[in-house]
Amino acid sequence: MCAQSITSTKEAKWQKVLYERQPFPDNYVDRRFLEELRKNIYARKYQYWAVVFESSVVIQQLCSVCVFVVIWWYMDEGLLAPHWLFGTGLASSLMGYVLFDLIDGGEGRKKSGRTRWADLKSALVFVAFTYGFSPVLKTLTESVSTDTIYAMSVFMLLGHLIFFDYGANAAIVSSTLSLNMAIFASVCLASRLPRSVHAFVMVTFAIQIFALWPMLQKKLKACTPRSYVGVTMLFAFSALGGLLSISAVGAILFALLLVSISCLCPFYLIRLQLFKENIHGPWDEAEIKEDLSRFLS
Amino acid sequence: MVLKAFFPTCCASADSGLLVGRWVPEQSSAVVLAVVHFPFIPIQVKELLAQVQQASRVGMAVLGTWCHRQQEPEESLGHFLEGLGTIFSHEPWLQLCRERGSKFWSCKAIHRQVSAAPDVPSEDQVMLIFYDQRKVLLSQLHPPTVVSDHQDGDTMASTGGLAVVFDTVARSEVLFCSDQYDEGPVRLSHWQSEGVEASVLVELAKRASGPVCLLLACLLSLISAASGCRLWKLWPLPFIRSKLSTCEQLRHRLDHLTLVFSTQKAQSPAQLMRKANMLVSVLLDVALGLMLLSWLHSSNRIGQLADALVPVADHVAEELQHLLQWLMGAPAGLKMNRALDQVLGRFFLYHIHLWISYIHLMSPFIERILWHVGLSACLGLTVALSILSDIIALLTFHIYCFYVYGARLYCLKIYGLSSLWRLFRGKKWNVLRQRVDSCSYNLDQLFIGTLLFTILVFLLPTTALYYLVFTLLRLLVVTVQGLIHLLVDLVNTLPLYSLGLRLCRPYRLAAGVKFRVLEHEVGRPLRLLMQINPLPYSRVVHTYRLPSCGCHPKHSWGSLCRKLFFGELIYPWRQGGDKQD
Amino acid sequence: MACSGGGGHGQPSSAILSPVTPGSLSTSRTRAHSICMVSDFFYPNMGGVESHIYQLSQCLIERGHKVIIVTHAYGNRKGIRYLTNGLKVYYLPLKVMYNQSTATTLFHSLPLLRYIFVRERVTIIHSHSSFSAMAHDALFHAKTMGLQTVFTDHSLFGFADVSSVLTNKLLTVSLCDTNHIICVSYTSKENTVLRAALNPEIVSVIPNAVDPTDFTPDPFRRHDSVITIVVVSRLVYRKGTDLLSGIIPELCQKYPDLNFIIGGEGPKRIILEEVRERYQLHDRVRLLGALEHKDVRNVLVQGHIFLNTSLTEAFCMAIVEAASCGLQVVSTRVGGIPEVLPEDLIILCEPSVKSLCKGLEKAILQQKSGALPAPENIHNIVKTFYTWRNVAERTEKVYERVSGEAVLPMDKRLDRLISHCGPVTGYIFAFLAVLDYLLLVFLRWMTPDSIIDVAMDATGPSGAWTHQNPDTTQRVENDEVLDTPR
Amino acid sequence: MEDERTFSDICGGRLALQRRYYSPFCREFCLNCPRLSLRSLTAVTCTVWLAAYGLFTLWENSMILSAAISITLLGLLGYLHFVKIDQETLLIIDSLGIQMTSSYASGKESTTFIEMGKVKDVVINEAIYMQKVIYYLCILLKDPVEPHMISQVVPVFQSAKPRLDCLIEVYRSCQEILAHQKATSTSP
């Protein structure tokens, strides 16, 4: 049947339509088969330095975790007086607060419409609650073994790093969860400290470094990228320094980690882009370009 | 259709004569009720049939002839029986005949007015079905077929075929009750009930029952009036009464008795059966109670009990104290928060102390109390048992308190944790849509939430342990009470009368019938033996079980576990709340 | 739908139109096959696949083949039922996992399927829809039992995300040793060939069809004072309901004499209701909710223009039905839609609100200027395009070809799996195939084929249903059937 | 007249079908399952005993052995009395009814009688049973409210599941009687 159909229809041209019966068998394969196949239409090209710049967010977060742990270590060893830490923390946060408004001349504040009174209130809430609960925190985990606490806080800090909002729109990103995990870890660690004042100071410090500091970073990154890079460097080096004072090996490993994240990973990403093979064709599900929310707003 | 002749076994050996019975055209079945013997005067037979008919409202008729070939020489009889057909005209005319030699019968059904050949009588096939008149008369089909209306028995055909047979036999009881000693004008042979004087006692009982019922009913109404008076409606009493299983049980029994001794007659046999069951269960109950009473009051067992009781209570309290001590340490190497542990422990210890003092306060009166309680056994075993369960509930009141405290605490913790866990994940419970939505909290909410979450998480094991231990204790008590309640319910609901009936007179409760094919030879009519298929015991219990006084928990296991996990309170008795949902 | 009459007998026979099969009813009358259609999706579930299976089976029965359908139990619709013309349906009691597709362990369905295949003396297994786990199970077992297998793919699939990568791998495994594959459009064929890495020679293109007698125009049902746009589709993202929610306000503001009728149900309905609320269009936008298939025609004939906003379609039956009712079709240019209707019957647009609005305006202008051909003419053109009988003939050819071929013996099959599906997957599934074979051997030892009762044929050459022989025991008892105690 | 034929059930075991034709309007079909085979009995007992001995060697508690004995005995009794059905009988009497009797190995009999008035029809039906698709004979009962509907399906020969050929035998003669019944019941 195939044979006779072919012979009888030398001149008849196959066309890609279903509504008319063509003189070809149903499993006929034309020259034009798969001609609409496209590859890598939406593949993006990355600039190396741009990627490095973006990676600095990760660096920042790693560093803040590192700094936090280092500070905790100092306090646990008793090398660092809580009052001193409290003072510096307060001063730096005030500085940051002023800076936060100076950078963009207060547009952000206008946009959010948040009054200074509200800020003061929440600050008071923080301090009051932390202070009130610090004795409870002190006795909270005494019966739990130290290793459990360490394991838990390591787990929580890792979680914080994983779920942190680095600006990528992935499903697992949840800034709330990451912040909560950080606070949980800080409370766990603080409860191991010798006295309740320590616990109080530790928790406040945790808030400063995990909640307030990233806000400031974001704003810096948005407005003055150069200074942001500078700050990042500074922060990274301070973190390294702190770690070095505890253990050299740890410091080296941490440095390696930072370097690999900031330099190697972007390089590898760009290399991998070459092997990308993404098939497209008429069968793809068309995605809707324009935003339809305007019809409902 | 095949003609079915239902023939009573008791007439199989009767002398020749006329077959009297009912003809059901719908199923073309002839129900033979009796045999009329020679000699008789046709008019008298007709009169008898007429009066039986108007008494029983069943269409009686002469169905045919019956000849028993052992006495008479056949040739004379044959024509005679032929002749009878002309006197009592019936369609079709049955001719049953039992030979001397063989045990096989011959049976002919003759149609006279067949349009084709008027003179040649045509026959069709007949099936003989033997039935035991007495059993069929007394038995009662299950499920009871609704008797359409008592006005005319011929509408019975609307119900199933066999129901008609049963109904016919049951209604023509008057035929059998006719006294066997006075010689009526017509000699019948059928199953003969032992007339009136056979059962004098029964008759006396029947006569007596009316006034007795009246009297008791009056008494009961007095009692119920007393219980219904306004004094009991004062605030705490109804609550207490709803909680005490004794009151429940008493009210239940009261209802039973009022129903049993209600003066109006029971309409349906089912209702009669129900009354009988209640009476029997009450009687048994009281009998058991009296046995218990005699056992108790012999050789001063009450005193021993009373002496035993106080030390037992003390001992229990001791054990609890040790348990608490153990919990306040590091029980089973569990990591508990010491501060909270101490607080809870002290709290509960104080309770136990209170309890012990209370017990000692009331120890001198216990014996008297017990004695009176023992008296209550004469009201019935069930009452005594429910009083026992109430006493247990009272004696373990402290356990109940512990349980409630623990449960409340635990419940609060669980709910707080669940909502804070949602906050921890950045979600919140949307009440309107009944689902979990994501929600953006602001910083201080997050902070405080997490702080509380951490604290609660670390305090959870302590409360959970206390809750667990006291729940186990509570469950122990509840199980004991539950067992007692089960026993009470068993006595309350078991239909003893029906079971006894099923045991001694299986045919009285019939699930249906079953047929056995009697041996037969070709050319002779088929002979079946209809037996009564008794109701299985399970269905007897299921049909006739009395309503229980639902005072025991109706939890399914799943819901029970859920409640335990979420720390909701569980009760042995049915809650007012449970009744609504 | 599944109970509406016995297939499409609208046309005398569409064979005359196809140069391939002149008078095929007479010539291609070869030996009858006994075919077993397997899919998770069947009546009472509603949709394209379901109607395809049902209509195809009806036409095959009409052509003298024996057809049975195997699907999973829907609610209390379990056991064995008979539909029109003695179409026998097995509703197997298998657990449903995710939107009507059974959970697959690849083995637990073997005993029942094998029993059915044996007792019905099935020769060809025809599975439908790549979303149906049961269909793939049936293919797997049928190959193990050495039966011919055919697979019909009704859906398109991308290559972008993780889920599609996985499903494509599974499809590769499942199709690499299937005898023949049927696709409903050329686009779908390309897609399937790419996904399952197949040889395009064993992939046939046989479009869906509609029953033209069910979709006849009725110009008097429509009010010509206003122009009515009809949309009939499930209200889900893939059907482009979001686009619709953008189009409605645009056009309604522009044309005061424009009405929308929207039939169908789905999670996205809320959007349309919000739009209607927002722009107070309650009198002009009617949401009919879920439609029975028999009501669809009555909805269609009330409109002038049919709008299809799908984001992906293998073969859009809705536009064919609409065109058969004589409506002007406006649709997105996605998937196989361009192949379905000729240019003069359809206005193709890009999947965006702007483009679709432009297309609709064009259609409206034509409608107002009366440039559109009369519905009757459109119907007469369209009804020649797709008929189930033609589909049945072409499918029959596929069966002929397949029944000629040989099924791969076990060793070859394992080689094929390993060589064709990549090292890891290949070995895994080769192992599974071996397990399946062992299980089959065990079952054959437990209940030999000899003690399995051969079922009475309801359809086919000796069909008890078709020639009513008197003492057949095939009474339809749709209500009570014993089920597996579970 | 009476005759006996052997068939096999759906698992391949052999069944004996006895047909007794008492008269044109009364027939009896009697399916005999194979009796309890000594082999299986001994096998079960041995397994239980071995298990008991194993436990005994573990715990040195003679209670286990006595428990094993009682378990085996009670289990056997229960099996013979409640589970094992030796014979299933279907007695169909024209214009009277259909009677199903199943007699257990212990001699216990359970009988159900269905009046002809309730019977709508006797059919062979298909069903999915365990991992099989089987044919079974069943009696359709009329719905008392509207007679053309079916209120209930009563399966026949439920324990001995005969194969199709056997069912067809029974089905044919049941149909004969039903047909005769219908014919005559309409005429008078």
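The chains carry the letters A, B, C and D, assigned in the order they are written, with residues numbered from 1 in each.
FYI, contacts are C-beta pairs under 8 Å (C-beta built on N, C-alpha and C of every residue); 3 or more make two chains touch, one makes a residue touch a chain.
Just so it is clear, the structure is predicted and the values come from calculations on it, not from any experiment.
**Student:** Report which interface contains more C-beta contacts, comparing A-C against C-D.
**Tutor:** Between C-D and A-C, contacts are more numerous in A-C.
**Student:** Calculate how many whole Å lie between the centre of chain C and the centre of chain D, each centre taken as the average of the chain's C-alpha atoms.
**Tutor:** Once rounded, the distance between the two centres reads 44 Å.
**Student:** Based only on mean CA positions, could you tell me how far chain A sits from chain B in angstrom?
**Tutor:** Centres of chain A and chain B (C-alpha means) sit 70 Å apart.
**Student:** Find the geometric centre of each of chain B and chain C from their Cα atoms only, then give the gap between the two centres in Å, rounded to an integer.
**Tutor:** Here the centre of chain C sits 57 Å away from the centre of chain B.
**Student:** Which positions in chain B touch two or more other chains at once?
**Tutor:** Residues of chain B touching two or more partner chains: there are none.
**Student:** Between the chains shown, work out who touches whom and classify the graph as line, ring, star, complete or other.
**Tutor:** ring
**Student:** Going by the touch rule stated at the top, which chains touch which?
**Tutor:** A-B, A-C, B-D, C-D
**Student:** Could you please specify the touching residues of chain D with respect to chain C in the complex?
**Tutor:** 8, 10-12, 121, 123-136, 140, 150, 152-153, 155, 163-164, 167-168, 171-172, 175
**Student:** Using the touch definition up top, name the residues of chain D that touch chain B in the complex.
**Tutor:** Listed in rising order, the residues are 20, 22-26, 28, 91, 93-97, 99, 101, 111-113, 115-118, 181, 184-185, 187-188.
**Student:** Once bound in the complex, which stretches of chain C touch chain A?
**Tutor:** Touch residues, chain C against chain A: 17-20, 156-160, 180, 185-188, 190-191, 193-194, 200-207, 238, 240, 242-243, 245-246, 249, 271, 274-275, 278, 311-312, 314-315, 332, 334-336, 338-342, 351-354, 385-386, 390, 394, 397-398.
**Student:** Going by the contact rule set out above, which residues of chain B touch chain D in the complex?
**Tutor:** Residues 1-2, 4, 25, 27-28, 125, 127, 129, 160-162, 512-515, 517, 520, 526, 528, 533 of chain B touch chain D in their complex.
**Student:** Within their complex, state which residues of chain C touch chain D.
**Tutor:** So the residues of chain C in touch with chain D come to 78-80, 90, 92-93, 111-112, 115-116, 119, 447-448, 451, 453-455, 471, 473, 475, 477, 479-485.
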